[in-house]
Amino acid sequence: MSTPGGTIVQPIIEINKLNLYYGQFQALKDVSIEIPERAITAFIGPSGCGKSTLLRTLNRMNDRIPGTRIEGKVAVGGTDIYSGEVHVETIRKKIGMVFQQPNPFPKSIYENVAFGPKQHGIHSKKKLDEIVEQSLRSAVLWDEVKDNLKRSALSLSGGQQQRLCIARALAVEPDILLMDEATASLDPVSTFKIEELAHELKERYTIVMVTHNMQQAARVSQQTVFFLDGEVVEYSATQDMFAEPVDSRTQDYISGRFG
Amino acid sequence: MSTPGGTIVQPIIEINKLNLYYGQFQALKDVSIEIPERAITAFIGPSGCGKSTLLRTLNRMNDRIPGTRIEGKVAVGGTDIYSGEVHVETIRKKIGMVFQQPNPFPKSIYENVAFGPKQHGIHSKKKLDEIVEQSLRSAVLWDEVKDNLKRSALSLSGGQQQRLCIARALAVEPDILLMDEATASLDPVSTFKIEELAHELKERYTIVMVTHNMQQAARVSQQTVFFLDGEVVEYSATQDMFAEPVDSRTQDYISGRFG
Amino acid sequence: AKSTEKGKIVINGSSALLPLTLQAASEFKKDNPKVKISASAAGSITGPQSVRKGIADIGAVDWDASKDVPGFKKFDGLVANPVAVTVFTAVVNSNVGVSNLTTKQLQDIFSGKVTNWKEVGGSDANIVVVNRKFGSGTRVNFQQKALDGKDFMSKGDNYKEVGSSGDMKTTIETTPNAIGYIDLPYVTSKMKAVSINGVAPTEKNVLNKTYKVWGIGYYMTKGQPTGATKAFIEYIQSSKFQNGSLKKLKFIPLAAVK
Amino acid sequence: MSMKKQANAVPAYSFGKRRGASALMDRIFTGMVWGVGIVVILFIVGLLFLLLEKGLPLLSWDFLYGVPSEIEEGGGIGPALFNSFYVLILSLLISIPIGMAAGIYLAEFAPNNKLMEIVRICVEGLSSVPSIIFGLFGIALFVEFFEIGLTILGAAVSLAFLNLPVLTRVTEESVRAVPVELRSASFALGSTHLQTIRNVLLPVAINGIMTGICLTAGRAFGESAVIILTAGVSTSGEMWDFNLLSPGGTLAVHLWYIQSEAIVPDAEEIAQKTTAVLIFVALLINILFRVPIWLNARKNQA
Amino acid sequence: MGKAPGSGTRFDRKARLRWSNKLFRMVCIGSTLFVCLVLLCILVLMLRTGVLTFADVSLREFFFSTNWDPENEHYGALIFILGTLALTGLTMLFAIPISVIIAVFLAEMTPKWLRHILRPVLDLLVGIPSVVYGFLGLTILIPWLRDISGHDLADGLLAASIVLTIMVLPTISRISDDAIAAVPNKYRDAAYALGTNRFQTITRVVLPAARGGIMYAVILGMTRAIGETMAVVMVIGNTAQLANSLFTPTAVLTSNIVMQISSVEFDSTWNHGLYMMGFILLAISILMIVAVRMLQKKGGRYS
C-alpha cells in the first residue's frame, strides 16, 4: 500500500485499522487512511467493495444498521468519533451526507431543503428562503423548480431528486461533505456543474466522494483511494495514482477506463 | 427534426404525436419516434427532460401514476397498446423494465429473480434454479452472491441491487427490454459487462436504454434520441448523430462530452 | 326544601331498584343541593358487600340481607331499611297457550323435569327456560316465593341465563315457547304474565294478599344511617315519595302491604 | 454499425388476454374482493340504517340537552352526553401521550432483545383483558385506595388504562413502518433523535397512529362496563358539571341502563334515539380526528 | 471540525436540544414503565385473588373438570377454557379472511373518494357500544339462526362468533389497511413491470411485505375478541355446559366472569375462581399471540 504523495495537506480524518462486520460478513478489512482537509478525496472500486460502508462510518450512519460491528479508530479533527464523549448529532451536522439512492422526504421541495436549517434553529422565513434558494442554485436545481417550490419532492425525476438531496445537505453548511455517487444519474451538464460546485466548496469544506467514474475522480479529486473487497489496495494523490499506479490491480481497474 | 438514417431496420415501436401530462404539467410534447427491432436505442437528454416518462409509457407503467393523462398513439408490433383490446399484463411481460432506482423486493436474492418466472407459471425447482443462475450470470452478479442466495436483497450494495434488478427483468425473457440508467451506479467493469450483455441480447431482443453517458450511447446503441424539455430534438442512427448532429442544441449537449 | 344537609352518598347494588334510586336522588337533590349522590348498580349482592367494605353508603338489595337467604349468608352489622315492594311474575312468550301454572308445575318446569308445553296443558312444543343469573334479586325472590325454594335447572339445550331484566324482557319477547320471570313493571304487551295457582299477578291481588310472589327492596346501611344518608332514606320512605314517584314507577308503597 | 436483417422479422405481437390459471385467479380474486367489499358496505349501510332509522327522525334539541327522567316520557340525555365527551377527552388526554411515548420507545429506543419482545407480547396480551377487570382495577384504585368514590376521574383513568395497550402497539407499528431511508436522511442532517421523531417519523406514521386513536376513542366512547363500575350509572343531573369528582354515567352507560333496567314508558324510544346520537357522535369524532390529516395531506401534495 | 463551539447562543441551543432529547427519551422510558406498571398491577390484582382459589380447589379439578357448579362446591373451569378457545378460533376463522379482503379492497382497489368515506365509517363501528351489538344479536341474529337451524334456542358459539366478527372487523381491517398502504409503491411497480397481474402483485408482494402489520392487526383483533364481554354475554346463552353444537347455549371465560363476578361474595372461593379465570384468559391470549407470531415468522424470513 502506498502512502499519499506530497501535495496532500493536513489530514482532518484519520482512519486507523478499521474493521467492519455486517453480522458474519466482514465488509471492511484493516482500513487505514487519512483524508486531507479542504480537498476532495475520491473513493473508487468495483461495486460491492465497501465504499458506501466506509463513507457511512465517517458520520456514524452505520450505527443504525443492526448487526453492524466496528473495530478500530476513526478520528475527525483529532477526536475519536466512536468514543463516548462525542455527540452523534454534532458529528452528523458537521459531516453532511448525500446518499447513493436519493431519499427526499415526502414533503414539498421547500420543506426538504429547509428541513436541516430548521432543525438547527433557523426559523426566520426570510433567512430560510435565502438558504433554500442558495442551496438549490448550488445544486443546479433552482431553475427547474423555482416556480413551484411547494410541489411534492416525490414527483421529481430521478436526477432532480438527487440534486435535491445535494441541496438539502448543503443547506446545513457542513464542514465535511460525503457524497455517495451523487452524480450517478445526472446528465453531463449537471454533473459538470456539481463538479464545479465541489471544486468551489473545497476551498472551505472537505469533500469525500464515491464515484464509479474514473474521469470524474481524475478531474476533481486531489486524493484517490482504491478499494477491493473491503481492503484499501492503494491510496495516493490522484495525479500519481492515475499516472503510475503502484499496484497491478489498480492498474487493471483504472485502465478499463471507459466509465 | 431529422429522421433516422438508412441503417435502421424495421420499427417495432411506433410513437405518434404523444403528449403526456402530469396534472397541469406537460412532460412530453408531440413525441413521434420509431424504435427499430433487434437493436439498441438510446435516450439521452438533460435531467428532467422526460426520458423516464417516455420509457414508462412504453410498457404502460405510467398508468399507475395518478393524474397522468396521455394523448397520441403508441404502437408495439403494430398494436396500439393504449387501446382496449390489449392486456396490460401481457404488455409488461413482453416489455421488461429496469427502473432508474433499484427496487428489489424485500425477499431473498433467489426469490427476487425467480419471482417473474414463478408468476408466469414455472414451478419446477430445477428449472427455476437454472433461470436464476443464468439471469444472475448475465447481470454479472452471480459470483458475488452465489454462496448465499437466501440473503435478503435489501442488504446488497447499491450497484448489486441494480444488477439484481437487471437479472430479475431478464428472468422473464421479455421481447423488449427498457433500461432506465441501468448502469448508473456500476463500476466500469460491471458496466462493460452489462453493455456486452446488451450487445448480445440485441440479437434476439429490442433494447431501449436511458443513459447520461454519451460514450455509452455512442458505444452500444444503433439509434439515439435526444430530448429536451419533453420534446424530441433530434433522432437518428447513433453514428450519424455523434458524427454530425443536425440541431445545434444536440451539438451543444453531446459536445459537453465528459460523462 | 332548603336543607343544610351536606356530603356524598354512594349507592351500589340491585339494578332492579336503580330506577327508584335515580328518581329519588334527583328529587332529593333539588331540596339538598349540597349533597352529591352517585348511584351504580353492579348487582344486588354487591350492595351489602360494598357497604360492609366501606366503599358504599347504601347497598340496594332485593331481599333482606341481614338474614340468610338461599345462596347468601346474612350480613352481620348491616341494617336493612325497607324502601319499596316489588311484584314478580312468571312470563311466557305470547305464542304459549298456557296462562296458568301451579307451583308444582313451575317447579317442574324450572328444574327441567317438564320439558314440553303439552305436559302442562299447552301445545306440543319444547319449553325454553330462561333464568336470571345467580345473584339476581329477582331470582332469589322468585325461587323463594314462587318455587318454594326448589332449585333451578342449570344445563340443557333449551336453557339459558340472562344478565338483566331488560335482557329477560327481550329474550321472552323474541323466543317462542320461552318461559321466564320478571318484575311486574317490565311486563309488556309482547309477552304474557302467567297466573300462579289461578291467581293473576296484579297489584290488587298483592294488596288483598292472594298473590304471594312479591318482595321488599332494602337499602342496607352500616349500622343505623346518619347524616345525608339518613335524610335520603327518610325521603324515600316518606309518604310523599312512596305515594308519588314510587307508585308512578309501578312499585308498591311499603305501607300498602304492612 | 450495420444490422443483419433477420428472416422471420416480426414475431407475433399480440397483447391479448392471457389465458391460464393466473389470469383466471386474477378475475376470481378481483370479483371476490369487490364482492366482499360490496357485501360489507351494504351490511354496514344496513346496520347503520337499522340503528338510525327509528331514532334519528325523533331527535330534538330537548332530548340532547334535557335531563333524564325515570317516570315521565320525554326525558333527555344532556348530562350523559356531556359526560361522554368529558370522560372521552380526559381519557384520551391521559392515554394518547403515554401510549404514544411508550410506542415510540418500543419502536425507536428499546434494545432489540428478548425482554422487549416479552414486554411487547404482554402489552398485546393486556389488550385482551376484559374491560370488567379494568373496572375492578379502577375500583381497587380509586374507590378503595384513594377513597374518592364513583367519579368521572376514576372512569377516565381506568378507560385510559384500558386503551393504553392498543395505542402503544399501534404507535409502535406505525413508526416502525416508516422507510429507513427517511430516517437516515434526517439523521444525516444532524437532527437529534427527538427532531427526527417529531419532524419525520410522526408525520409519516400519522395515518396509522390516527387509526389507533380513532379505534381507541371509539372503544372509550362505547365502553360501559368500566364506567358502571368506576363512575356509576347516575350523573350529577346538571349540565356542564366539570367537577372531576362528580358521578360520571356516560351515554353508553345510559343506553345500557335504558336497555336493561329502566321502566320509563318510552324506554324503547329513548334507546333508539340514544343509539342514533351515539353513532352520530362517533362519526363526528372520527371525522374531526381526520380533518388535520386531510389538511396535512393536501398541503404536502400540492 | 476541531473548531471552538460557535457563539454562546448556538451552544445554548445545542445544549438545550440535547437536553430535550434526553428528557424526551426519559419520558418515553417512563411511559413504557408506566404501561408495564399498569400491566403488572392488573396481573397482581388477578393473580393475588386468583391463587386463593387453590386453597379450596385442586389444580386438577379447576383445569380438568367440566363441572362448574359453585353453589355445590364444584369448580371445574374446563368448559370455559375450551369455550374461549373455540369461540376465538371460530371468530378468527370468519374475521381474518373478511377483514384482510376488506383491507385489500380499501388500500388497493377502491377509488379515493370511496376510501375517504369508508375508513371513518369502519372506525365508527368500533364506537358503537357492545350492548347495541348484543341487542341486535339477541333480536335479529338469534331469531334468524333459530329459523335456519331449527333449534329452539340458537344462542351459542355461532351467534357469539358472528357478533364478535362484526365487532373486530374494523380493528383488523383498518390496521391491516394501514399496513398495506404503508408498503412502498416501488415494490408494486417492480411487480407490475414484470407482467404480473393484480392478484399476483397483491398476494405475492404486497401482502407479504405488509405481513408484519397484518399479523399485528390480527393479534389486536383477536385480543379484542377474547376480552369482549358485554355483547357475548347477551348471545352465548350463559350455561355452564360443553357445547355439543354451535347452537347450544354455553359459556366462555369472559361471559362467565362478567355474569358472576358482581353477584358473588367478595371472599368466596367462587369469587377467587373468577379472578383466576381472568388470569387464565390473559394466559390464553398470550399463548395465542405467541402462536400467531410463530406462524408469522415461519411464513417469511426477510422483512
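Letters A, B, C, D and E mark the chains as written, and numbering starts fresh at 1 in each.
Just so we're on the same page, a contact is a pair of C-beta atoms (placed from the backbone, for glycine too) under 8 Å apart; a residue touches a chain by one contact, two chains touch by 3 or more.
This structure is a prediction, so every number in the text was calculated from the model and none was measured.
Most remote from chain A, judged by the distance between CA-atom centroids, is C.
Note on chain placement: the centre of chain A and the centre of chain C lie 81 Å apart, centres being C-alpha means. Chain C and chain D have Cα centroids lying 38 Å from one another.
Per-chain CA centroids place chain A at a distance of 48 Å from chain E. Each of the following residues of chain E touches two or more other chains: 17-18, 21, 135, 196-197, 200, 258. With touch defined as above, residues shared between interfaces to two or more other chains in chain D number as follows: 22-23, 192, 195, 259-260. Residue positions of chain C with contacts to 2 or more other chains are 42, 53, 163, 167, 170. Here, these are the chain pairs in contact: A-B, A-D, A-E, B-D, B-E, C-D, C-E, D-E.
Residues of chain A that touch chain E in their complex: 12, 76-79, 87, 89-90, 94, 120-121, 175-176. On chain B, the positions that touch chain A within their shared complex are 22, 44-48, 52-53, 100-102, 144, 155-160, 163, 180-181, 184-192, 212-215, 219, 253, 256-259. Per the touch definition, chain B reaches chain E in the complex via residues 59, 61, 64, 89-94, 96-97, 99, 101, 103-108, 111, 115-116, 118-120, 150, 152-154, 165, 168-169, 172, 174. The touching residues of chain D, when paired with chain B in their complex, are 1-3, 5-6, 9-18, 20-23.
Put simply, chain E touches chain D in their complex at residues 17-18, 20-21, 24-25, 27-32, 34-36, 38-39, 41-42, 45-46, 98, 101-102, 104-106, 109-110, 116, 118-132, 135-136, 140, 166, 169-171, 174-175, 177-179, 181-182, 184, 196-200, 202-203, 212-213, 216, 219-220, 222-224, 226-230, 254, 257-258, 261, 278, 281-282, 285-286, 289-290, 293.
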